[in-house]
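Should a chain be cited, it is by its letter among A, B and C, assigned in written order, with residues numbered from 1 in that chain.
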Amino acid sequence: MADSATSKGGRRAALIQRLIAEGGVLLAILGWWSVSRTMPSFVLPGPVDVLAALWKLFSEPSLMINTVATTLRVVASVALALVGGLALALVARTVPDLEWVILRRLQPLLNSFPSIGWAILAVIWFDVSNFSVLFVQVVILLPFCLINLSAGLDEIDQEVVEMGRSFTRSTWRNLTMLYLPLLMPYLIAALRISYGVCWKLALVAELFGANSGLGYVMVRAQYTANNALVLATCVAIVLLFIAGEKLIIDPLARRFAGPRD
Amino acid sequence: MTAVADSGMAPDDGDALRRAARRRKAWWANGLVVALVGTWFAVSPFVPAYILPGPMLVLQKFLLFVTTKTYFFHLTTTLFHVFGALAISLSIGAALALAAHYVRPTRLLIRGRIYPLLNSFSGIGWAVLAVIWFGQTDGAVFFAMACVLVPFIFINLHEGLESLDAELQEMGRSFTRSGLRRFRQITLPLLVPFGFAALRISFGVAWKSTLLAELFGANRGLGYVVNQSRQNYETEVILAVILWIIVIVFAGDRLFFKPAQERIQRHYGR
Amino acid sequence: MTPDTALTTEGVRPTPRAPAEASAEPLIRFDGVTLELSGHQLYRDLSFTVAPGEFVCILGPSGCGKSTALRLLGGLLAATAGRITIDGETPEAAWQRMAFVFQSPRLAAWRSALDNVLLARQLRFGEKPDAAARKRAADLLDLVGLSHDTAKYPRMLSGGERQRVSIARALAVDPDIVLMDEPFSALDPTTRQRLRAEIIAIWQKTSKTVLFVTHDVDEAVALADRILLLSNKPTVVREIVRIDAPRPRLIDHDAELRGLRDHLLRSFAQMESGNQH
């Protein structure tokens, strides 16, 4: 396969793929545009309307506040979930008696709990607040982080510990030169997964539990049948997700977890 | 456990120690569950029912879903939605994965454009759009759920197709030039573990996302019940629905998917 | 100069009977075959012939593209220039007359030993695995010494047993030519010895033409009617060695075979040192 990519035929095939991909996207947008012209905006707003609404989300202060709020909550939730997941994974690892409590009771429970359930319960328990949103997001991200990080800790097995000890008795050196590099790919994977899940989740968490944020904007837009804004919030989420992944997570992964694929 | 094995004890002693350790783990695990339910029993009488309904009240509502016709109807509706959406998503996901693999020119379009869009688009966005386009119908629920499930199924089958054992493929080619026979006798069996893994993941996701899809897009089903109960402050019903979903997802995974996947891995794995 | 004339090698007996490829029309003919893969010349003007019923070993240093010759012949790969014919036909037309035994057994993990043998005919002829087909497959497993293991899955078989299944699978399509690509190189020495003896027995019983790739000098000397010694890349036939000693051959007890082995090992060493530059 490496051969075909460098050869002339390979380049031609790559070009055709590119044409079909970009052409397909263009065609979809054109189709959307032409269909939207025959329909009222509350059924299918055109691409231009959505683009205008999207621009407002990133420029008009009253709307932009919501975009920023959601972004900050996502970042905070991911950080908290990573710390919490690591703490739980470490406890499960170092206190054998608690291993099953965490990995066989808590983790499956959190994993099978529906997100909308948390969203509703959070409002009942914590009212409409930042805490409510953070609670929902962290509690949903926690099992993802826990699974990845405990898999990472498994990587640091007895043999590795022994090897490290044969060279040095310094815990600090073992930690920084052996354990952390071994754990890093799993940490990055946990970060990547929870970051992606969190953006998709943001709208659900803010649906009932917030009076700011993109989820809140979407609910209000839905009530007023402002579908351009509904779609714009969804697109904004996609864009913010991609931006964060390309600008922060991918470089982090390249730096700490080696080249992917 | 490795520490026990390395300490040079006779294997019988090691086994006994391991068994004791397992017993203690189980004791802690089950003890915690009992303690939590106990606390729930103890605390709930002093808290308003809409904040924390008692466990018996929740259990009573939980049973309503099999004893009364209306609630049972909602449960079976959701069942219908879940399995319908799984069937639809499996077909679409498989079609996309096969196209991306066998019709090379479409690869970038599917893998690099359609998949990332579906994968990063919020489920709730699809649910809202589905209601606008299809009204409160089964179609709306299926659409929203399929949009959520298709990327999971696609990526699993895609990875499966990309990692097909090249040696076995060449063996097939040495025996026949018929692509159809090779696909049926070699490719398809090689894909079974990936397809099943996709199904296992999607089963959990489907049950969790059906609430969301039905909350907006249906006037029946568990999601609809949750929305009604939310407006009526019937937290016990909400908890009962959540309990149903946890039980179904957990039991389905442990009793069916996990053992079945282990069998399939053994049978089809190398 | 055709390679067939470059035959004089010390330690080889003068041929008492007429060489097979001189009397009969060769079954396989490589004629000036050149192969380029992603800009690298793998073969340059590779020529040789194989007579019907002959057991030919292709011997060469690792990385000289021995297995590639089999792939070209089996039509799994196309040559850049030159002609390959099987009974006058191109590989594209004659691929059905051949069957492969690969270095790793390449068995379908989800099929029992018997079902793996059946797979060959299902693939090649689209045949239904009916009672008659199952009987034939069982007979083949019997031929390779696995009559008691027909229901076992590959994961329950040893490396040698798996390779036996793959030999039975190749024989299942009743090929004129069996192409064997270092089939015993991953096995332990004892199993390797046993399988060598068995493959000779099977070859003598079935009178197939065998093209056997190996990098093991002893193996080639023990098995072959003729050895094609390949050079480093770009590969040509460096030497052709005919061996008429009767089988089973005990190399250590036969001065001529020992001399031949030493000669081949020296050629190998030469090529290895040539590789350094």
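Simple rule for what comes next: a residue touches a chain if its C-beta (ideal position, glycine included) is under 8 Å from a C-beta of that chain, and two chains touch if they have at least 3 such contacts.
For clarity, every value in this text was computed on a predicted model and none was experimentally measured.
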Of all other chains, the one whose Cα centre sits farthest from subunit B: C
By count of C-beta pairs in contact, the leading pair of chains: A-B
Closest chain to global C-alpha mean, per-chain Cα centroids: B
For subunit B paired with subunit C, centre-to-centre distance based on mean C-alpha positions, whole Å: 50
Chain centre separation (subunit A, subunit B; CA means) in Å: 19
Whole-Å gap separating subunit A and subunit C, where each centre is the average of the chain's CA atoms: 54
Touching residues (chain side subunit A, partner subunit B) in the complex: 13, 16-18, 20-21, 24-25, 42-44, 96-101, 104-105, 108-109, 111-117, 120-121, 124-125, 157-158, 196, 199-204, 207-208, 215, 218, 222, 227, 230-231, 233-234, 237-238, 241-242
Touching residues on subunit B, where the partner in the complex is subunit A: 2-3, 6, 21, 24-26, 28-29, 32-33, 50-51, 104-109, 112-114, 116-117, 119-125, 128-129, 132-133, 204, 207-208, 211-212, 215, 223, 226, 230, 235, 238-239, 241-242, 245-246, 249-250, 253
For the subunit B and subunit C complex, residues of the former touching the latter: 167-168, 170-178, 181-182, 185-186, 189, 192, 266-270
Residues of subunit C touching subunit B in the complex: 74, 76, 95, 98-100, 102, 104, 106, 108-110, 119-120, 122-124, 126, 155, 173
